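Each chain gets a letter, A, B and C, in the order it is written, and its residues are counted from 1.
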Amino acid sequence: MDAVKIAPGFEKIMPQEYQDLVNDGPYGRNLSVKDLGTFKELIDEHPLCAGCTLTLSLRIVLASLPNPENTLIVTCAGCFGVIHPQISLHCTIAPFGTHNAFASGLKRALKVKFPNKNKDVISMAGDGGFADIGLSPTFHSWVRGERLTSIMIDNECYANTGGQDSGMTPEGVVLNMSPLGKNFPKIEFAELAKLAGCAYVATATPTNPRLLGQMVRRAILVSREVGPTVIRIATVCQTNYKLSPIEGYNKAKSFESQTFEYFTKEAQKYIESIEKKSPKTELNLEVGVENED
Amino acid sequence: MKEKKTVSPEYMILEAPREKKFMIGNEALAEAVKRANVDVVVVYPITPQSEISHLCGDLWVAGYIKDYYRGEDELHVMASMMGAASAGVRTFTATSGPGTLRAMEPFACWAGYRLPIVCPIMGRGIGTPANIQPDSVEIFYLLETGMIIFHVESPQDFFDMTLQAYAIAEQPDVHIPVIVFCDGFFVTHTREIVETTPDDEFLLPYNSNLSPVPAMDMEAVPVRMARDCLVIKNNFISYNANASWQQEVRAAQHRARKYIDRFMGGPLEVINPDAEVLLMASGSAAAQARVAMEIAQEEGIDVGMVKIKVIRPFPVAEIAKLCEKAKLIMVPEFNFIGWLAKEIKAVVNNNSKVFSGPNVFAGMTMPPEVIVDEIKKLLKLTK
Amino acid sequence: MKINIRISGLGGQGLVTAANILGRAAIYDGNYSSVAPFFGAEKRLAPTESYVRISSKKLYEKGEVTYPHIIVIFHPEVITRGKCFTMPFYAGFQPNGWLIINSESLLISEEDIENLTKLNARVVYVPATKIAREIAGTELATNMSLLGGLVGATELVTIDGLEKAIAQRYGGEKFVASATTAVLDDVLRKKYGEVQELVGKNMASVKKAYEFVKQNLEG
């Protein structure tokens, strides 16, 4: 890509990693999860726990961006706060819970600054950040119709702060602030998203990278033209749930039964026009479309 | 979008011809915003700020502001401002009282993000007990957020200081936010003569290439950059990086001084500095102090006045020098805390001659006569 | 007597536990101690430090130990790959200090040896991981071996004090552990059915390393 170039005179002093991103990065190449291993990724190290599925999910998301050269990410406090400096595109942390508000301002300003250019803005946070402290601004960004893709990594707890229950923890689970077991059910986050008028809502697990990658792509494309989109990645924090990495992976795999995709009619039409066929997930799941009434 | 004739801040603030109008503070502020070539405005209602938010909406419809929307609460409006300003556009918002406190987390973050946001705050009482009447108590909570703070005396100040705020905030070696604070209704809804610049001349647009921190817009790719070096130990960012970042923000505040001198004629307005009695005040209290000074002079008492326009960076050296000769320094304030008196006492050698008062709050008016009475009482005591 | 100890290693090796046990042992011996927290998000194999201060008089100082009298290195990579929060790993080292290193082979560079010699530092290598594997059957007892080695070299606390502290830490009393420490506690609980056995294995590692150091110092 021509825009991705080292400023003349600086070629010899830029570090190897930068050179690799310029020469072999994903910019302008329309790569996806199936190409992993053949290009320099936007993330290749992380300072999080061994076997962490948040990092796996992030890696899949970053490998699935339709236009990585024009994508920005807003994250928040938590394990994302720890990993965000490792991501090779503009990303930042917003005050906890405010990431969708921050992203709204960012997206609007980028539209003002570059009226003829598309900039994809993704907000990524955990279940605590989206469903508890961030529920209000997230919901408002949806009902305002902000063109954002919200990706929740739902590991069913506040992980970075040492394992407390969040609104997305299932009822009865014993964690650090629910010593007698959480006393209310898991928040129906995806249902809220549908109610708020999101154009595309999906749930996937990191154990099926191609499917998740396809959802990420669809979510971003729909958010460009139709309306806000949401993906909930159902997974587990193996450290705080006291599982080995393999046990954690298997638990995440067990969440595959929660996989689904929902399109509004307009979103479905839009995706059809791009993919040249009716959208179908790889698992041949029934695709939910908004009611005819 | 209207085709705009753009001028430099130097021209608009220091040279442009002025026309006398009669308007309330919120209108004067809107006139400044109209000329400031603002890109993105996000608002939320709270008394007594709401009018400016409405007026910004009208400006947006008329094409003077490029994007505008109402957010869901002040915390998230201020977070949206962070997003918009990070992208590298000129931004504006406003809040008051409980709204200010609701937004304290972003307010403490703005300067560190190096965002040249200009945010007027229309001060009012904060619970408990609740009060929408004028008060400058909020400034106390904002003092150490790292932001530059101007204190507005009148609708004229509201017009001038807002334009000055953009000129100063956007300097590459400053590039931190400016709070333009007025004491609520005393300014927002008082109608006075305001001299405005021509309304078809607009500030040059903001240029994010001059920002000391690259704009978050993916225009220089590839990039791997943390705008906020979260020290969490295991991501290998040293305490030093965080510490020096904080020091840099404070240094930016100090570097603003030369622009405060250039665009505002300095942080102080001084009248009769050699007087026996000096009234030192900011905001609306300065207005009352002016009149008190006149009354006292007529009664034969030698009184001077120092209006403090800039609260942060606090003009330490100048205040210390001005306080050397006077026998008595009185600091009238529209708040219960007496924060301005504390600031002054902290920099004056012999501060037993600095008196905090009168302190008027809960919306009461501070008649200049009351100030004069206090002066007389104190003079009897110190004689 | 006032001694500052800085322990450097990698996350998951039990540095914080070692610091807590050492501090508590000092109290059982009748001294004062304070154990300073290393506060950060926890992460396996990331550089980690823990700090202990031991004194015959009441201790007030807070924060990390910048000028240690004793440095304990839990993992060779602290030295060989610079996985350390202080650079060099002996920054701030007081003269005549003790440097206890978990390694089976010599690790220190020529330049560092020169600097440490100038400080009259006394360097002791303890094959702590090896001892832990052989005696306790798990690498998680590395910290115990190192404590044994430390005491063998410095007699900073008594073996008796250590035993009491270890029994208390693992003895079933509720210990406020951080998330990942709690995970490792569970691993140990699964491995050793009886608390007695766990404490016993730990003490065996302590004693073995203690003897190892005593023998080698004599030579």
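Operating definition for what follows: a contact is a pair of C-beta atoms (placed from the backbone, for glycine too) under 8 Å apart; a residue touches a chain by one contact, two chains touch by 3 or more.
Computed from a prediction, not measured in an experiment: that's the story for all the values here.
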item	value
Chain whose averaged C-alpha position falls nearest the assembly-wide average	A
Relative to chain B, chain with the most remote C-alpha centre	C
Rounded Å distance between chain A and chain B, as computed from the means of their C-alpha atoms	39
Chain centre separation in whole Å, for chain C relative to chain B (CA means)	54
Sequence positions of chain A contacting 2 or more other chains	47, 82
For chain C, residues that touch 2 or more chains besides their own	41, 43, 46
Residue numbers of chain B (touch at least two other chains)	232, 234
For the chain B and chain A complex, residues of the former touching the latter	39-40, 42, 66-67, 69, 71-73, 75-77, 79-89, 91, 105-106, 109, 208, 216-218, 221-230, 232, 234-237
List of chain C residues in touch with chain A within their complex	41, 43-46, 178-180, 182-183, 186
Complex contacts: residues of chain A adjacent to chain B	3-4, 17-18, 21-22, 25, 27, 47, 69-72, 74, 81-90, 92-95, 98, 101-114, 119, 136-137, 140, 144
List of chain A residues in touch with chain C within their complex	47-50, 79, 82, 160, 162-163, 176, 239-240, 242
